[in-house]
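Listed after this line are the structures, all set down as structure tokens.
Look at the two complexes coming up: chain A is in both, with chain B in one and chain C in the other.
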Partner chain A sequence: MRHVVLDRWSRGASAVHRRDPRAKIVPLLALLIAVATADRAVPLLAFELVFVLSAGLWWAGVPVLDALARAALVLPFAASFAAIAWLGGDPARGLSLALKSYVSALAVLFVVSTTPLPALLGGLGAMGAPRFLLEVAQFLYRYLFLLSEEAQRMAGAAAARNASLRSWRGSGERFRAAAGALAVLFARSYTRAADIHRAMLARGFEGRLPTLSSGRFNVADGVFAAISSVLPWALRLVAAGSRQGIS
Partner chain B sequence: MHIPDGFLATPVWAATDVIALPAVAYTARRAQRAFDEARVPLLGVLGAFVFAAQMINFPVGPGTTGHLVGGALLSFTLGPAAASVVMTAILSIQALVFQDGGVLALGANTINMALLGVLAGYLPFALWGGGRFRRLAIFAGGTLSVLVSALAALSELLVSGVKMPLPVLGLSLALFLVSAVLEGAITLAIMEALARIQPGAARAEREFARPGWPRALAMVSLAALVLASVGVLLASAAPDGLERLGEQIGINSKVRTLIHTPLSNYRAAFLHSDALGKAAAGLAGVALVYCACLVVGRMVARSRSL
Partner chain C sequence: MTSVIEVRGLHYRYDDGTTALNGVDFRLEVGESVALMGPNGSGKTTFVLHLNGLLTGEGKVEVCGLTLEKKHLAAIRRKVGMVFQNSDEQLFMPTVIEDVAFGLRNAGTDPEAAATRARMALEAAGMPPAAASRAPYHLSAGEKKRVAIAGVLAMDPEILVLDEPTTFLDPPAQRSLAAWLAQLPQAKLIVTHNIRFAAAICNRAVFFQEGRIAAEGPVLEVAERFDWDFTPD
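For the complex of A and B:
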């Protein structure tokens, strides 16, 4: 599946991968706010940030072109609103919407592809996010692949029984069959959760997931966080300055 | 319905993030109380189920399919607080791993789908889920959960100044309505199938079977939710009857304001956006009226007990 690739990228050993998750979350927020609040020279700022993020991905050993393509997943939604703004006589706003959402998605991808999700959730927990929510998210991510493959197998089995979706005939029965399949998947998920719960209790689980990482924020993390947080704002100043110079 | 980063105006994403943070912390605490901490795997696995369920397509017409969104189904099976936590976890994973929805917009998406959507899905079931209107309540819950989420998202985009010509707005509303009705039908079909293969799976059903559920409160909350979502879209900018009369006979120009308040003219003066200012003033007004009623109610109750 597609997201397994992201999981593989995040298990690298580069200097960026080794940074504490908090040292990447803080600059991510700084970059997102810098982009979201920018109202001048957005195309130039977007170009600068895409260049810097691409360089960062290359430094981290993440396939740059694949990452750039993956961040484009956000474009169909953004492009439709951009087209509406363009047709409404405001092409600059349309372009700005599409570029801002693309750069933001690329920045999030940079952090997620250099930080394993459990570590990222741990970083969010260290920054004060509710632990209960993060543990639910961690379990969700852990069983996502398993249940998704089960759902795909069920959909494949239905297709093998000629459950075509191309005509109205018998669509009522097919609707009920799909609902039945989901009910079965729900019941299986419920049973699986009970089994997992019992297995974890047998291994001494008391409601908290133990972690092996030290979670220590060192000087290198601090330097990385400081430089990466300032960089997007500096680039924004450069973009705005060059725009003023041109005009 | 997942709003990406870059679409919302700064006051909108900042305000929704500020509102969502304590709201999520509160629901997480409530869910933690309702669910033994060691049962966290159940919530995680059911969150993964909603992801997986979105891969199974339902036939809607020739060559057209739809899929489950899941907020109402989760609220029926886990209760509203746990369902909100699971939906928030789903939205976080979608924003981080699938680039579906933004990180700064996570507050807005959480309010739309994990809080308002789950609550709107749950309330009809709370009102009518235990009686002979059970099927209607499930259908209405599924429909309302998607409709309220979609309308809230649309309102946030409009308040942020995203231009949407009237035909596009109409088309969006029609599509949302179709999706909402489809969600209601899918949720009902799954709940019916679930009642056959795993009776008693609906946790909410067991809870509402208990007497004493504040029905009036649920009904008012449901109405407030729908009005709050649709209000921004339908609110008229025209003056009311008295103001209109004042305009016609020319006394409006002679009106003098003696005391200036932050919420005068039903608009929060500290917010630049007109729509956002009106929305904030409305919410503040509701909160103030609620507090006033609470204080008066307690005073009356105390005087009667003396």
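For the complex of A and C:
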């Protein structure tokens, strides 16, 4: 079975991967706020942040071009809002929206691709995030793999009988078969979910997911968090100052 | 001998009206290993799901002297360690060590003690120390089975129930599993179609047919009586 790319990336052994999740969550929040509230020289700030994040991804051993492409998946959603601003007579605002969305997505991708999701959820829990939300996220993540595996098995079985997307074009019957397969996928996943719940009950589950103790926050984590949190704001000042210099 | 499981007159019907159990009487003694054999749909899995209260039918079920009722459920689930056929259903925590420690933490064991016992269970299951931090869904079928069993053994149950434990395992893994299970002191109930596997571990077999126990006796005798082994003509 092929597994989710981000999960693979997140299990690296670089210095970035070894940082405590909290040392990455806090700078992420700092960056997101810096980007969201920037109102001057946004294109230059976006360029600076993309460069820094790309350097960070390279340092962490994450495929940079692949990551840059995956971050762009957010653009179709941002584009609709950008288009509204553009058509409203404010093209600069439209561009700013799109750039901010891309940089934010890339920053989140940086954290998710250098931190296994369970560790990330543990870090959020240690920082006071609602436990129920984190447990739901943890199950959703586990189910992503289940759904992926079920879908791969069904796709393999279909391919073994010469089914392909190309053969569906212009064929209502095949489209209905695909819709039926999707329904079966969710039905099978629901059955698996019920079986998993049963296995949890057999080991004493009473509604809360118990965890073992999380990692310790050390000096290196502190230094990393401090520098990474300040950096977006420093770059924002540089970008704003450069724009003033130019004008 | 003292019985660890005693079942009298167990009946169960699924919501769709299917009668899965039609009056089952059964005893499991301390340290005994029993194979449950029979056709698909004969009630074997439905029967074992009653032993820790995952299903509740009509009749009497006693586990280690405790009657199966709501107030005893937590205690009974600590005494009955159940390993399901599909290990993926049993491995739901983010890392192997957290999964093995899951039952211990639910029982109130503190995190450090739970982690220590979990590591010991993984070692007993033949898993390397490095496996503890791996994601369960990255393991091979044989490794998943071992981790699933470790997760149950970590709770130190008195009874082990295994539903088709050789599913997805290659022959060497089956042999290794049989050797490991044979030396465990717990009473064991093994649902299986694998006669050689059952004979390697179990002193007795019961044969289910249409929701009832049709026969019981030594594994090979029961298998021969019902022609329950695959031998090409």
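Here, the second predicted complex is superposed on the first by the 181 of 247 C-alpha atoms of A that agree within 3 Å, B and C clash if a C-alpha of one lies under 4 Å from a C-alpha of the other, contacts with A are read in each partner's own complex, and residues count from 1 in each chain.
Operating definition for what follows: a contact is a pair of C-beta atoms (placed from the backbone, for glycine too) under 8 Å apart; a residue touches a chain by one contact, two chains touch by 3 or more.
None of these values were measured; they are calculated from a predicted model.
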{"item": "First, second, both or neither for A:Phe217, with chain B first and chain C second", "value": "neither"}
{"item": "Partner chain(s) touched by A:Phe47 [first = chain B, second = chain C, both, neither]", "value": "neither"}
{"item": "Residues of chain A touched, compared between chain B and chain C (which is higher)", "value": "B"}
{"item": "Touching partner for A:Arg192 - first (chain B), second (chain C), both, neither", "value": "both"}
{"item": "Chain B versus chain C as contact partner of A:Val74, first or second or both or neither", "value": "first"}
{"item": "First (chain B), second (chain C), both or neither touched by A:Pro118", "value": "second"}
{"item": "Touched partner set for A:Arg203, first chain B, second chain C, both or neither", "value": "second"}
{"item": "First (chain B), second (chain C), both or neither touched by A:Arg142", "value": "both"}
{"item": "Partner chain(s) touched by A:Phe175 [first = chain B, second = chain C, both, neither]", "value": "first"}
{"item": "Residues of chain A contacting chain B in one complex and chain C in the other", "value": "3, 117, 138-139, 141-142, 146, 192, 196, 200-201, 205-206"}
{"item": "Residue numbers on chain C that touch chain A, as the complex places them", "value": "49, 52, 54, 74, 77-78, 80, 82, 84, 86, 88-90, 92-95, 97-98, 101-103, 105-107, 111-112, 114-115, 135, 137-138, 151-152, 155"}
{"item": "Residue ranges of chain A in contact with chain B within the complex", "value": "3, 6, 28-29, 32-33, 35-37, 70-71, 73-74, 77-78, 81, 84-85, 87-88, 90, 93, 96-97, 99-101, 103-105, 108-109, 112, 117, 120, 130, 132-133, 135-144, 146-148, 150-152, 154-155, 165-168, 171, 174-176, 178-187, 189-190, 192-194, 196-197, 200-201, 205-208"}
{"item": "Residues of chain A touching chain C in the complex", "value": "3, 7, 11, 116-118, 138-139, 141-142, 145-146, 149, 192, 195-196, 198-206, 209-213"}
{"item": "Complex contact set, residues of chain B against chain A", "value": "2, 4-8, 10, 13, 24-25, 28-29, 31-32, 36-49, 51-53, 55-65, 68, 77, 85-86, 88-90, 92-93, 95-100, 102-104, 157, 162-165, 168, 185-186, 189-190, 192-194, 196-198, 201"}
